[in-house]
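Once you've had a glance at the structure underneath, I'll fire off some questions.
Chain IDs A, B, C and D follow the sequence of writing; residue 1 opens each chain.
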Amino acid sequence: MLRKLAVVTTAAAALLAAASVHAQTVKIGIILPYTGQFADGATQLDNAIKLYVKQNGETVAGRKLEFVRKDTGGIAPDVAKRLAQELVVRDQVDILAGFLLTPNALAAGDVSAEAKKFMVVMNAATSIITTKSDYMARTSLTTPQVNESLGAWAATKGGIKKVYTMVSDYGPGHDGEQGFINGFKGAGGEVIGSVRFPVANPDFAAFVQRAKDLNPEAIYIWVPGGAQPAAIGKALAERGIDARKTKVLSQLELTDESARKAMGDAALGIITGAHYDPEHKSARNQAFVKAYVAEYKRSPNFFSMGGYDGMHLIYEALKKTGGKTDGAALIGAAKGMAWESPRGPISIDPETRDIIQTVYIQRVEKVGGENVNVEVDKVEKVKDPVKVRMMKK
Amino acid sequence: MANASSTAARYFEGQVRWRPLEIVFWLAALLPFVVTPAYLSLASQVAITALFALSLDLLVGYAGLVSLGHAAFFGLGAYSAGLLAKHFWNEPLSGLIVAAALAGIVGYLLSHIIVRFRHLTLIMLTLGIGLLLHEVANSATWLTGGADGLQGVKVTSVLGFRFDLYGRTAYSYSLATLFVCFLVARRIVHSPFGLALRGIRENALRMPALGAPNQAHLRKAYALSAAMAGVAGALLTHTTSTVSLEVLSFGRSADVLVILILGGAGRLYGGILGAIIYMVARDQFSGINPQYWYFWIGLLLVAVVMFLPNGILGGLSALYKKSE
Amino acid sequence: MQSLVGVLFDGFAYGMLLFLLSVGLSVTLGMMNFVNLAHCSFAMVGGYATVSFMNRLGWPFFAALAAAFVVAAAVAVVLERTLYRRLYRASDLDQCLFTIGIVFISVAAFAFFYTTELQSARVPEYLRGAVQIMGINFAAYRIFLVAVSLAMAVLLIFLLERTQFGATVRAAVDNQRMARGLGIDVDRAFMITFALGGGLAGLGGGLAVEFVGLEPTFALTYLVYVLIVVAVGGLGSIGGSFVAAAVLGISDMAGKYFFPWLGAFLIYLVMVALLMWRPAGLFGKR
Amino acid sequence: MVAQDISLALPKGVRHALIGPNGAGKTTLINLLTGMLQPDRGDIFLSEERVTALRPEARVRRGLARTFQINTLFPKLTALESVTLAVLEREGHAHNWWRGLPRFGASADEAAAILASLNLAGTENRPTHELPYGQQRLLEIALALATRPRVLLLDEPAAGVPKDESAGIFGAIAGLSSDLTILFIEHDMDVVFRFASRILVMVGGSILVEGTPEEISRDAQVREVYLGKAHRG
């Protein structure tokens, strides 16, 4: 008896879902780690989402947008998968968005594939994420995309022969190091040594000292955002490594605003590969930053950029499909879409549904008394190299 | 003497008999299928956490060993089920048995260190071992997939029932496993071994004077509790096809201890009740207010301690006794 | 060789921060047998107080640190007088549940009032960068931190060993009933000790802002390290906390320098080994 | 030195009283015999078997049981549960976690019988901490009896019990089976002389003298230690 009853109620739920398609609202489920260790990243991303909606209105292609926000509390793929299921089954959302962390994005990817729901990853950077569902697009970056470009640049125009690598001992850290080494070795560079430090421990003095003892020509560093960039920056200064003599290279987190403020002049000379920096000189970016600061009293970062462009992709896709929200239509509209983002020209790769963008090489210099990231070079239309190689096989 | 013997045996039968309230409780566990069909995946994860809390209750509530690192065995179960499904076969039921065996064996081995200690030292040793296992899993990226989690785990169905988006199969599977493990726990608690454990918790000094090998009893309790935690971990892997380092984290060990104390340790149902209340409250509060829900959960914990000492069940039974 | 001394000093400085954060808990846990997992929330109170005094009221760094001590001590007393006192006879499991509830409330409250952003406190110029002593690079800020911690340790030991108040506290630690029997106002001793412990944690929080960074989940992340120091040092022992914090800080740093692949394991291995060797802690009485 | 160069033998079935001033080392002797404390030198034999190196629980299994001067019971367990626990431990069932207690009716019955023999019959389902103090003292003995000892060491079995009730306790002890060797510590001299068949006098950590009640009452040294002090006082 029970079995039959359960089937009946589910059928009823499905009917309800079908009915809502013709209803006016488009429901967007946002899954982010609003609490826990990565809460600040989620806040910066969510701020940009709200800003975009404020700027572009809550109605797209004649249909009102409605947001349902869910907190994973940090890295929790089991919770992320359940929340995605509930958003699809209980809240009948049409689009899944957010995803700051890779494990959560991978888990929710299965739900997007099974429920055929359009899913926009706005930060998680591991390459294989977009392979989990054909209805998924990404508007942030992939770790190899930025680090391979940086590695190739370092060995060529950067004029660096030998590098010592120091990375956080966990997934993203390994991907960043691997990306950089692929690019660097590919362009003739040589890696003279490497060390990995624990994710959790914020004190880097010992590792920086090991690097100093080897007195390498250049050091590549990968640290997660938050408190660690500032900590390792200070350790560099305290252990007497001057980024203007020993070249220090990293992904953009190392020289974000709070890290530069904490490091002071120790940051001068640090070279980073970045897909976005709030000081990027473009009218569109300056307007975005001004609006963001006005709204939230702090400047945006690359988390915000992923969210802002993610919303742009959703808005444009909905316009293109005239308000139809089934997964196939939306992902079809998203593929190949290109636009001028505050970070620069970007587009969605039709084959991999991942982002193609410019990677900027920047160095910290003192401009008008302030230490800022100055663009010294850029590599345009960079695709995610890992998936490019996978295609070729 | 005749009536003495019958009353003695009948006394223990009275203890073991199922109370009507218990039967009502387990029937109520079937309500979500009908009343809240859209909350079945949450119900499944509540059942899994309840099983995890039940395994901890055997340790904390009955053997008197407080652990702040029980996620070590939950994670062991989760990873062994995941690796089994990825590299060998993904039939879940056999996965549960393998997970239980592995977690139980590791639990038994570790118990030789752990049960020799008490109070803060014991708690910190379990914490240390839990954190060490977490680091091992993080550095063994080739095996565990490291921080990105174990990829390629695909557990599609159990006994032919597919794990669907609605969580119907997941909840049935989790609830059934919880019930079976609960019967085992109930039997343990009402067995001679359970009585010996309660003796150790009540007065560890007296037991050797009655010929009881305290250490041996505690080691076995630790192994049984670890095995059951392993089953809970395997259940999470099977129902979500995801495994990440979080299953071994300090956060999960702390959460399950909070859940057990919230429900009331030493009553078998404390962990289950605690899991229901804590996880439903967290789901609802975080639904209303994704950024600051910790505030309301904190308030709930403080209120329970203030008004219902010894957990909800402890507080209620005290109120019930006072009203008698 | 010099580089090693520099690294070990950094480890010692890190240990000193842990000492400030944990000594209060070791005394209150040892003395009142009260499991206060929310001890690091007092550190957060101090940290955020320092940030507010400096950034909003423009106070200099040292004044802000002193204010952090006072504010954290005040919060500790208020909490002790209103809520903690009703739980002295509760089971230690209930004390855990209660104090974890306080941690959750504090995490949400600081996230609400200070956002989740990483806080920063502009340290005076001469505390930045490195100082060359005998050719070895020492971080100025870490020297300052060590100095403050040593001063606090000496002050605390003097206060407890040499003063009348110290005698009453030590009496209450050894035997509460006996102390009450001798007419010692044990409650007042508890309150003052609680305030002292909270204040030191607040000072530790203030110093932590520039050292390891301060954001709302600080109370949860550092709870583990503080518990390790208290357990290894031994309950109720200031010397124990000091030595344990120093040993853990230095061995953690030395381990990372000599065998980095062992990085994260080391501090936990050292803890487990020390606990198995001295279960009651290095200087533990109980 | 708490206890030194003691050599004593407790012949089978004999009721021994161990007397001596406070601090004479009586409880320490019991702790040494039961393995709670390890002697620096010397050996302890249970009939022919050397038990010096055995842990306390192993000695109990070989028939050496004890009670405690201060009640060391199971507050939340009932009397029946406590004694049943001891019986199950003795029968080696305590490791059995897969069969319910009702399946061990025989052990429960034996426990009930022990309780009845010490007239604790009515206390089955009241938690121990609710029992009156006198009954708790009897429960101490019941727990020891449940291990079916050959030698029973009673550490002041009637400690803290008013005069009229202690007679009941010693009456119950006297009623125990005759082949059970008993050594009990007691301060009340007329109880000692009424129930003990031999008396050991311990002073300053060693045995002063050992003998029948008559010999002890006439012994000069004992009188000097006990009565002498009273005269000169």
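The working rule: a contact is a pair of C-beta atoms (placed from the backbone, for glycine too) under 8 Å apart; a residue touches a chain by one contact, two chains touch by 3 or more.
Since the model is a prediction, treat every value here as computed from it, not as a measurement.
When chain centres are defined as mean Cα coordinates, D lies farthest from chain B.
Between chain B and chain C, the centres computed from C-alpha atoms are 33 Å apart. A separation of 36 Å divides the Cα centre of chain A from that of chain B. Measuring from the averaged C-alpha position of chain A to that of chain D gives a distance of 74 Å. Centre-to-centre, using mean CA coordinates, chain B is 42 Å away from chain D.
Those residues of chain A in touch with two or more other chains are numbered 35, 39, 43, 169, 198-199.
Residues of chain B in contact with two or more other chains: 135, 138-139, 251, 291, 293-294. In this structure, the chains touch in the following pairs: A-B, A-C, B-C, B-D. Residue ranges of chain A in contact with chain C, taken from their complex: 35-37, 39-40, 42-43, 169, 195-203, 205-207, 209-210, 212-213, 226-227, 230-231, 234, 237-240, 258, 261-262, 264, 266, 298.
Listing the residues of chain B that touch chain A in their complex gives 30, 33-34, 37-39, 41-42, 45, 135, 138-139, 141, 145-149, 151, 165-168, 236, 240-247, 251, 286-287, 290-291, 293-294. Interface residues of chain A facing chain B in the complex, by the touch rule stated above, are 2, 5-6, 9-10, 13, 32, 34-35, 39, 43, 69-71, 73-79, 81-82, 85-86, 88-90, 102-103, 106-107, 110-111, 114-115, 126, 128, 169-172, 174, 198-199.
Interface residues of chain C, counted against chain B in their complex, comprise 29, 83, 86-87, 90-91, 93-94, 96-98, 100-109, 111-112, 220, 224, 227-228, 230-232, 235, 261, 264-265, 268-269, 271-272, 275-276, 279-281.
Residues 60, 66, 113, 117-118, 120-121, 123-125, 127-129, 131-132, 135-136, 138-139, 250-251, 254, 257-258, 261-262, 265, 291-295, 297-302, 304-306, 309-311 of chain B are the ones touching chain C in the complex.
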